[in-house]
Each structure stands twice: as structure tokens, then as C-alpha cells.
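Each of the next two complexes has chain A plus one other chain: chain B in the first, chain C in the second.
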Partner chain A sequence: MNREQLCQLKELMALEFTALELHLYLDTHPTDQRALMDYNSVVQQLTIARQRYQERYGPITYGEPSAYPWQWINEPWPWEICYE
Partner chain B sequence: MWVYEKKLQYPAKVGRANLQMAKYLITQYGGPDGELAAALRYLTQRYNMPTPQAKGILTDIGTEEMAHLEIIATLVFKLMERATVDEIKRAGLGGYYADHDKSLFYVNGDGVPWTAAYIQAKGDPVADLHEDMAAEEKARATYQWLIDLSDDPDLNDTLKFLREREIVHFQRFGETLQIVQEYIDCKKVY
Partner chain C sequence: MYSPNDQMRLARAYVPFQIYSERLNPMEGLMKGTIFPELYFPYREHKR
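Then we have the complex of A and B:
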């Protein structure tokens, strides 16, 4: 994996983590409007970032379009990436 | 249902191959306070939860634990990846190697296989949520001891992330317990 892809992957991981953290918080604070606004704003950024990443590097989850040949099985898998 | 995402939740970094750490760390894969136990505990307890918040938090934290299981697997895999049989023997992993080579398996640091006896689902949401809070604290302590055992700053960075998650989960379970307590108290008023 080249530096640019790794950089974009890490960005995506960070965004998704932010969304998850707010998601868990909202589970026990469903009426916190500010947190909900933050969540919706992060999810919007995440959707764009995920789509941009997948257009360049192929699907990272199910239900996403693939170029030929089937890109899902492309290496590296998450445990094979050097994250340095 | 569940859907896989082809990425880790947090970068799993390892500064150098280290079999001794692999042996210690595998307890978070298949040990009593490890990520497999956490995931399976929460995901099986959620069915009897009385409030929507509790059903949500157990589903979501249980799912996050699966992501942590993958991080631990990646760390152990990387720590062992290039080891020779001699190095494996010297680290006290000869018995592990005989049974599993370098594959990942659900055991603790002493090779004891994972068992469902590590977890419980009591059907009583107050009892279950107390167990979950204790489980998070035990996992936090385990990560602390692992950080103490390790001198690899890259590995410790990932372990500190996981330690932090235990603290957040403990907090969310505490809030959930309060919501469930209030719900039960409220039902008793006629």
C-alpha cells in the first residue's frame, strides 16, 4: 500500500471512529441535540470520504460496485498493512 | 446481520517482532477478559434487555469488540510473523507451535483455550450490566499490565487506544444501568 492510500485510509478510519464514538454516546443520550448534530455532520463527511476512497481503491464493504476483475479480494487485507 | 469492513478500527502497529509479547497479548484474543469474551457476552445478553438504550448499547459495543478482536489478532500476527522455530521455543511458545503453528487461536497467555464459562447471561438486566461494567474494568486492567510488560512504543500506542475504549464502554454501561434501574423503579409505581 502506497503512502497516499495509507494516508487516506487512516483519515477514513479516524472519521469512522468519530462517528462510532458519537453513536455510542447517543445510545444512552438520545435527546442530546448537539451530539446528534455533530453525529450527522460527521456522517456526512464520512459518506463522502468513503465514496472517494472506494472509487480510487475498490470496495471496503459489502454492497459496493466493483471494477473488473472483482476487486474485493485485492490485497492487502487489514492485517497485512504496515501502518507506520 | 453483520457486515464486514475491510479495514481496522485503529492502526495495529508493531515496532519489532516480539514473541514474548505475542504470548502475553494473546490473552486478549482468547483469555478470560479478552475481546472474544467481551463480544460474545454482550451480543448474547442483548436479547433480554428491557429498554431500547440497553438493546442498542449491547449491540453496538458487542460489535465494536469484534473490531478489537481483529486488532489483537493483527498485533499477534505481526509479532509472530517472521519468527523462527528456535525463537518460538525460546519464548515458551513451543507447545503453542505444536498445536497451531503460527495461526491465531483462542487461548490465554498460558495456552488455556477459551471457554463460555468466562461469561454469563443471567436474564436479569441489572446483574448482566454489572457484569459488563466489571468486564470492562478487568479488560482495562489487562491492557495496563500488557503496557507494563511491553517496551515497544508502537505496540503501546495501539494498546493505549484499546485501554481507552474500555473506559468509554464502562461509562456507557454505567449510564445504561442507570436507565434500566429507573425503568424498573418506574414499573413498580402503580
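Then we have the complex of A and C:
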């Protein structure tokens, strides 16, 4: 995995984590409008980043389209990636 | 030991309600394990 791909993958992970955190916060604060706006904005960024990543590097979860040949079996597997 | 008949009350827990003010940027949040600065309590090395 090259540096560019790793960089985009990390960006994706960071956005996913932020979306999850805001999601959990909103579960207990459903009327916090600022948090909700922030959540929607992050989710929008995440959707774009995820789509861009998958178009370039293939699916990161099941139920996503794949280029030819079938990309799911491409290496490295997540646990083989050096994230440092 | 205290007997149950004493005027002791059972423990009660209180948790203040979190109010969203600011958040860390996504990468900093991911590395710290929270996006909320007010919830960031890293363990520090303990000197004995």
C-alpha cells in the first residue's frame, strides 16, 4: 500500500470515528442542533471520502461495487497494513 | 462495621450532562480516542 492510499485510508478512519462519536453524543442529546449540524456535515464528508477511496482502491466493506477483476481479495488485508 | 439499621444511605451516582462545545479534528480525535476535549483523560505513567 503506497503512502497516498494509506493517507486516504487514515482520513477515512478519522472521519468514521468522528461520525461515530457524534452519533453516540446525539443518542443522549437528540435536540442539540449544533451537534446535529456537525454530524450531518461530517457524514457528508465521509460519504464523499469513502466513495472516492473505493473508486480508486476497491471496496472497503461488503455490498459495494467492484472493478474487474474482483477486488475484494486484493492484498493487503487490514491486519497486514502498517499504519505507522 | 456499620449495621444496616444505622441512618446510612445507599450510594447514589451523579453524572453531569455533557454539553457540546468544541471537538478535536478527526485525526486528533482518532489518535486520542475521543473527539471531545472534556472527555480526554489519558493514563499517565505513575511514579512509585
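Note that the second predicted complex is superposed on the first by the 84 of 84 C-alpha atoms of A that agree within 3 Å, B and C clash if a C-alpha of one lies under 4 Å from a C-alpha of the other, contacts with A are read in each partner's own complex, and residues count from 1 in each chain.
We adopt the following convention: contacts are C-beta pairs under 8 Å (C-beta built on N, C-alpha and C of every residue); 3 or more make two chains touch, one makes a residue touch a chain.
Because the structure is a prediction, the values reported are computed rather than measured.
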| request: Determine, under the contact definition given at the top, whether A:L22 touches first (chain B), second (chain C), both, or neither. | output: second
| task | Go through the superposed model and pick first if A:A35 touches only chain B, second if only chain C, both, or neither. | result | second
| query | Given the touch rule stated above, what does A:M13 touch, chain B (first), chain C (second), both, or neither? | reply | both
| request: Return first, second, both or neither, reflecting whether A:M1 touches chain B, chain C, both chains, or no partner chain. | output: neither
| Is it chain B or chain C that touches the larger share of residues in chain A? | B
| First (chain B), second (chain C), both or neither touched by A:V43 | neither
| field | Overlap of chain C and chain B interfaces on chain A (superposed complexes) | value | 10, 13, 17, 21, 25, 28-29
| Touch list for chain B against partner chain A, complex | 3-13, 53, 56-57, 60-61, 64, 70, 73-74, 77-78, 154, 168-169, 172, 175-176, 179
| request: Please name which positions on chain A make contact with chain C in the complex. | output: 10-11, 13-15, 17-18, 21-22, 25, 28-29, 32, 34-35, 38, 42
| said: Considering only the defined contacts, which chain C positions touch chain A in the complex? | reply: 18, 20, 23, 25-27, 29-30, 34-36
| Parts of chain A lying in touch with chain B, wherever the complex brings them together | 9-10, 12-13, 16-17, 20-21, 23-25, 27-30, 59-63, 72, 77-79, 81, 83-84
